[in-house]
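Consider the two complexes below, in which chain A is the common component and chain B and chain C are the respective partners.
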Partner chain A sequence: MRRYFARKLFIYVVTFFLAVTIDWLIPRFMPGNPVQNMLSRAAVRAEAAEVMYGYYTRAFGLDVPVWQQYLNFWNALFHGDLGTSIYLFPTPVTKVLMDAVPYDIFLLLPAILLSWFAGNKFGAFAARTKRLDNTVLPLGYILTATPYMWLGILLAWAFGIVLDVFPIAGAYSYTMAPHLSWTFIGSVLKHWFLPFASLFMIFFGGWAIGMRNMIIYELEADYSHYLEALGAPRKLVRKYAFRNAILPQLTGLALQLGVIVAGALVTEVVFSYPGIGYLILAAIQNQDYFLIQGCFLFIIIGVLLANFAIDIAYVLVDPRTRKGMTGETA
Partner chain B sequence: MKKQKKKNEFLYFALRNNKLRIGLIVVLFFLVFAAVGPMLTDHSPREYVGPAGQPPSSEYWFGTTTFGQDVFTQFVYGLYPVFLVGILGGGLGTLIGMLVGFTAGYRGGLVDEGLNVVTNVILVIPAFALLLIIAAYLTVRGFVVESIFIGLTAWPWAARAIRAQTFSLRTRDFVDLARLSGMKPRKIIFTEIAPNMMSYLVMTFILQFGGAILIAATLDFIGLGPTTGISLGMMMQYAVLWGALQLGMWWWFVPPGAAIAAIVGALYVMNVGLDEVFNPKLREM
Partner chain C sequence: MWARSRLIVCTLVAAVLVLGLTSGLVFGQVYERSETLYVSGTAWGPASDWNPFIAWSKSNTTGTIGLLYETLFMYDPLSDEFIPFLAESGQWTNANTYELKLREGMTWSDGQLITAADVKFTFELGQQYAALWFSPMLLGDKKYLDSVNQIGDYYVLFNFTDPLYQEWDNNLYNIPIVPKHLWEGKTEADITAGANANPVGSGAYMYDTHSSDRNVWVRNENWWGNDVFGAPAPKRIVDIRFSSNNVALGAVIKGDVDLSNNFLPGIATLADKGYVKTYFPAAPYMLAANTAVLFLNTTKAPMDDPAFRRALAYAIKTDDIVNVAYANLVAAASPTGLLPSLSKYDDAAVIASLGWTYDPAEAAAILAAAGYVDVDVDGLVEAPDGSAIALEVTCPFGWTDWMEAISVISDSCKAAGINIEDVTPDYGSWNTALTTATFDMTLNNWAAMSNTPWTLYNLLFRHPIQPIMGSGNFGAYDNQTLFDLVDQLAAVPTTDLAGMQAVCSQIQTIMLTEVPMIPLWYNGLWAQFSDSVWTNWPTDGANTPSRLPTTWSGYWQLGGLLTLTELELVAPPAP
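Right, the complex of A and B next:
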């Protein structure tokens, strides 16, 4: 088990290093000069602009050699300093992100976990049950093939406009300030429900289909036939099949994280939900170097943490990795 | 002679597999629609042709937009890029996946570890975020450029899957024999290993095809897709941007999403059907 984790940890460290380097690199090769951009929006006199340009370039640390900028970036990173947002000047990027991240966690964690559990259970249940397999599973294919924003738009239209039971923009009512009361919590939940539901449904379809296909493979494996030949009850055979099929599904969750992030991004855009996805779009439209960097960094850290959690779950679920046997090295 | 028989057997099961048949019919329907559709309309996608915000009628089959553009025209013109991006982006993704997967799986050792790290990095760095930046960089973009972006970032899971398959094939006797006979690694991969996982490669391509379509729709929706032409994702973007939701103009945003869901869904169903054709154990009794 130690070897398993040492290996994983090594890969994580290398990945983190490379990812952060790329993260640092890319915005610097973006078109347009952010400081110039900001100043042109402020529209000041020419000589004043020059002074301010010098000031902001220093303030953002763009006046030192590139290698120094890179080292500074790492140094600042470890001090939790991600620079100052240009688009929301003078709010520090860290603060902007900290305001947004809770919404992402609140939206994504339940959607991912619930859909994974429910989808796997349902997929296993539907496999080789002729009626379910032919009626409900096609629905699963359609769901998993549905573009995220389209389902979001449909739900917003049906429940927000036609039935008018759910709000379709923001994280809570515009007339309220965040505070602790039942009406506020109610408003937050009401705004959360539609984006959550649209993400949940699409994820659910994918997991259900994946599980159904895995279970069919497992039920055709030798050990299943052997158990059946021994006269084991159908329920027991399925239980073993499920345990084996859940492993690739766990790996699948790690592989799907990138798609999940993209899905969350457009869903947040459709519902104007103030998470990181919504921020990224604003940051890119305003050419906000530091905010883009910060958003990516948070996504990378989030994805790495999720991967790590999945690795731990893998050890818990698969005894082979615990006993030092190689098992599946995903 | 033997090969002939095997092919017939494949066709026999392929033609009798309902999932494959249904999937294929839906995909072909949209493909024909994409080819013939533009001939059914006299307008161009962005032309202002009639009254604004009309629901579907005999004159405007899918209604009109807030600006009086014909939704049907936009829809049929938007179908073609779906297939273009799918084939180019999905194809490129599969090719890179094969290249990395074969090399890592066959060589093993340090090469494998190195490629594994690369794959992991691409997986963790949200490919999507990367696409966002590159799209912001290139101010003039077409569908081909978009497909290449997608192909360059969508390959990691294909590489992993192909690597695992190669890994298990590489220790088989026939591969050992080829190696003993002095065959070059590249030749072994293409004449011994690849043909034995052909079904797997075809299925990987289909999944990449569908995935590329969905990524393209997402990119177009955010406004980082191509700067010219029209696509289904752009239609949804405009619909949301110009208040189709609030005005209840469902005919504007329902068709493009429905078409994407139908095409990609049909591809996925085809994939399961193919799986059953290639793998006799999975066929339903």
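Right, the complex of A and C next:
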């Protein structure tokens, strides 16, 4: 088992190193000069602009040769310093991320987890009878194929403007500053509900379809037929089928959790909800090397951690993997 | 016994929680609707700094100059008057000396008195640090302000050599005065690039709080202007950053936002139906804020040919931009590029003889006379040397109104025989092309409301020509006569109207003959407001204030702040 994990760890470290190098390289391939873009957002006098250009190029470490920038980057990374954002100068990148990512986690984590549980349960449920299957499956397809921004805008319009039940913008009411009270918590939940619901509905469809397909596949497997032939109750057969079907769903869940840090850009735009997705887009448009690097670094770490979590989860959940690791066959 | 003590503990915890949560309605944490003004339309990113000397990020913290830090004067473009603000008065005692008297009894928000020492200190920052935007006035080979002397606590003498009167007047309402007692200990990095959190200023509002999608300002009850202009009506201003214009539209219609300075297409229809109010009750609905100019890259063929450029001016159907792309929210620009507020500097005779209107036949005639013939009979002309013409007009992707406008330009030019495609690169590459003169033709609208025509011509004919043209003359148009005229204009005293008009007339003659760039339309000072809580908004009508209804950065000192002092509540709160 130790060798198994050691080998995995080595692969992860190499992947991390390569991914971070690519992450560092890609923004620098974008045409254009970020410092020039930053300065030209205000029509500064040419003489002052020259001085500022030199100052900021030095301040961002962009005046040294490329290989030295690369080494500086790793050096800073090991000190936990992700640099200063160009687009949001002079805010440090870590502060930008700390301010924005919690909103996305608050939105996406419940949406992903709840839709996973509900979707899988529902998909398994639908695989029982043909009639259920005929109604649930098209619903699942519709939900998963719906363009997200269309559904989001529709929800915002229907519930926010026509029925005026939920607010359509912000993370909490613009009439309050954050403080501990039921009013504030209520406001946060009210503003959270529509974006959450729109994400939940879209994810739900996908999980339901996946689970339904897996269950049907498992119910056709040899062991299912054997159990039925032995006279096992249907409930038992379905329970075993569910356990086998859940494995690929676990993989999907872990991968989706891994990219939470990328935020939900379209949600943030449609519902004007703060988060990191919009900032990543703005960083790309403004060629903010450091914010792009920082955000994608977190995404890389998230995905690698998710992969690692899957590996461990499989070992825990699936006895066949446990046996396989120690050399025994099934 | 265990169960009972656990029960007691749980009850106590629950009681504390309930008490704590319900008593959380601390004063000031939930804003009274009748005390708060909700605005939007300026910020597009989260607040990053409150440093008045970092010029490019002030949109995200609009009010830093205007609400928090103040300038010596205000300028009202609608009445063309300077309003003494921090200064009580100012005049030229001779050609090279400007004497300023500061108001007495003003204090910073931390209680310290505002004195001439603060003014002297602020200007001398420009002398020390070349990175400040007004430092070319005090430092370098183009400087003309030699020294700033403090006389007593309230008089400041500015000593010039060959002052640029036009720029000085412009600086008087743009340079924010900062407190010496807090800024003199700061390092260069702090002053030129620091975030300046928890700022202390002299203005009508102070920093209250902010989060990633809003900035909250709270009224300064000790503001010196309370006696002079009256206290501003809203106790708090919440400046909201919406992620997209249609969310802002929804909020305005619901009444959640009082003043929206977003560009919202279709406002004409909503204003007509009474959902929102605008400055003008009918087209163009909005005041003109700046001129959208089509810059032509004069270093590239065929844009280096004045005849081609002139034909282009006749080929663009500006009416379609005004009526279709903007749905009547803007007006066509004067060919000189000057805003309506500066129309007294337009030479009507020059415009009458050299100006253009949409006339594709005239465009074709000019092209034919200059040797541009349609050799392969595809409806599009070729250059005199026979080479094909394939040009691109650009604007950043996502700026939807400009994307529509360049589509109109492309269509009308193609109909007149000139092959122009509309292309929308993303902001970064568009901006790089703009500043390095690698575009063909593109739009720019930095020529904003100003006290002087010099700012427009300094933008259009920025000189000297350099590899990177970051602040004007993006098409690198090189004409020394014109440059000399612009410099000459800069040095004309602002009281000499005839002198300014004479120089402007000469500039306009060359500009309309050579057509190095084409002013197309006046971009609006987008403003739609709701009468649900606050009223007495500025409009064109007789009984309403004549101010700028805007929160845009750089416009507070054009009278935007005075809009707030004139606001009234629709229904005063119950006693």
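Basically, the second predicted complex is superposed on the first by the 305 of 330 C-alpha atoms of A that agree within 3 Å, B and C clash if a C-alpha of one lies under 4 Å from a C-alpha of the other, contacts with A are read in each partner's own complex, and residues count from 1 in each chain.
One rule holds for everything that comes next: a residue touches a chain if its C-beta (ideal position, glycine included) is under 8 Å from a C-beta of that chain, and two chains touch if they have at least 3 such contacts.
Quick caveat: nothing in here was measured; it's all calculated off a predicted structure.
In the superposition on chain A, A:Ala229 contacts neither chain B nor chain C.
Shared-chain residue A:Gly160: touches chain B and chain C both.
By the touch criterion stated above, A:Ile168 is placed in contact with chain B and with chain C alike.
Within the superposed three-chain model, A:Val269 lies in touch with chain B and with chain C [touch as defined at top].
Applying the stated contact rule after C-alpha superposition, one finds that A:Ile300 touches chain B and leaves chain C untouched. When the two structures are aligned on the shared chain, A:Trp150 is found in touch with chain B, with no touch to chain C.
In the superposition on chain A, A:Pro138 makes contact with chain B only, while chain C stays out of contact range. Note: residues 30-31, 156, 160-161, 168, 269-270, 287 of chain A belong to the chain B contact set and to the chain C contact set alike, using the contact criterion stated above. Taken together, the chain A residues at the contact with chain C in this complex read 30-34, 36-49, 51-52, 55-56, 59, 85, 87-91, 96, 99-100, 103, 156, 160-161, 164, 168-171, 174-185, 268-274, 278-279, 282, 285-287. The touching residues of chain A, when paired with chain B in their complex, are 11, 14-15, 18-19, 22-23, 26-27, 29-31, 130, 138, 141-142, 144-151, 153-154, 156-157, 160-162, 168, 209, 213, 216-217, 220, 254-255, 257-259, 261-263, 265-266, 269-270, 280-281, 284, 287, 292, 295-296, 299-300, 303-304, 307, 330.
The touching residues of chain C, when paired with chain A in their complex, are 20-26, 28-31, 33, 36, 38, 44-46, 48-49, 54-58, 130-136, 140, 142, 192-195, 208-209, 211-214, 216, 238, 240, 242-244, 247, 250-251, 253-254, 256, 426-429, 431-432, 434-435, 446, 459, 462, 466, 468-472.
On the chain B side of its complex with chain A, the touching residues are 116-117, 120-121, 123-130, 132-133, 136-137, 139, 156-157, 160, 210-211, 214-215, 217-218, 221-222, 224, 233, 236, 239-240, 245-246, 248, 250, 253-254, 256-258, 260-269, 272, 275, 281-282, 284.
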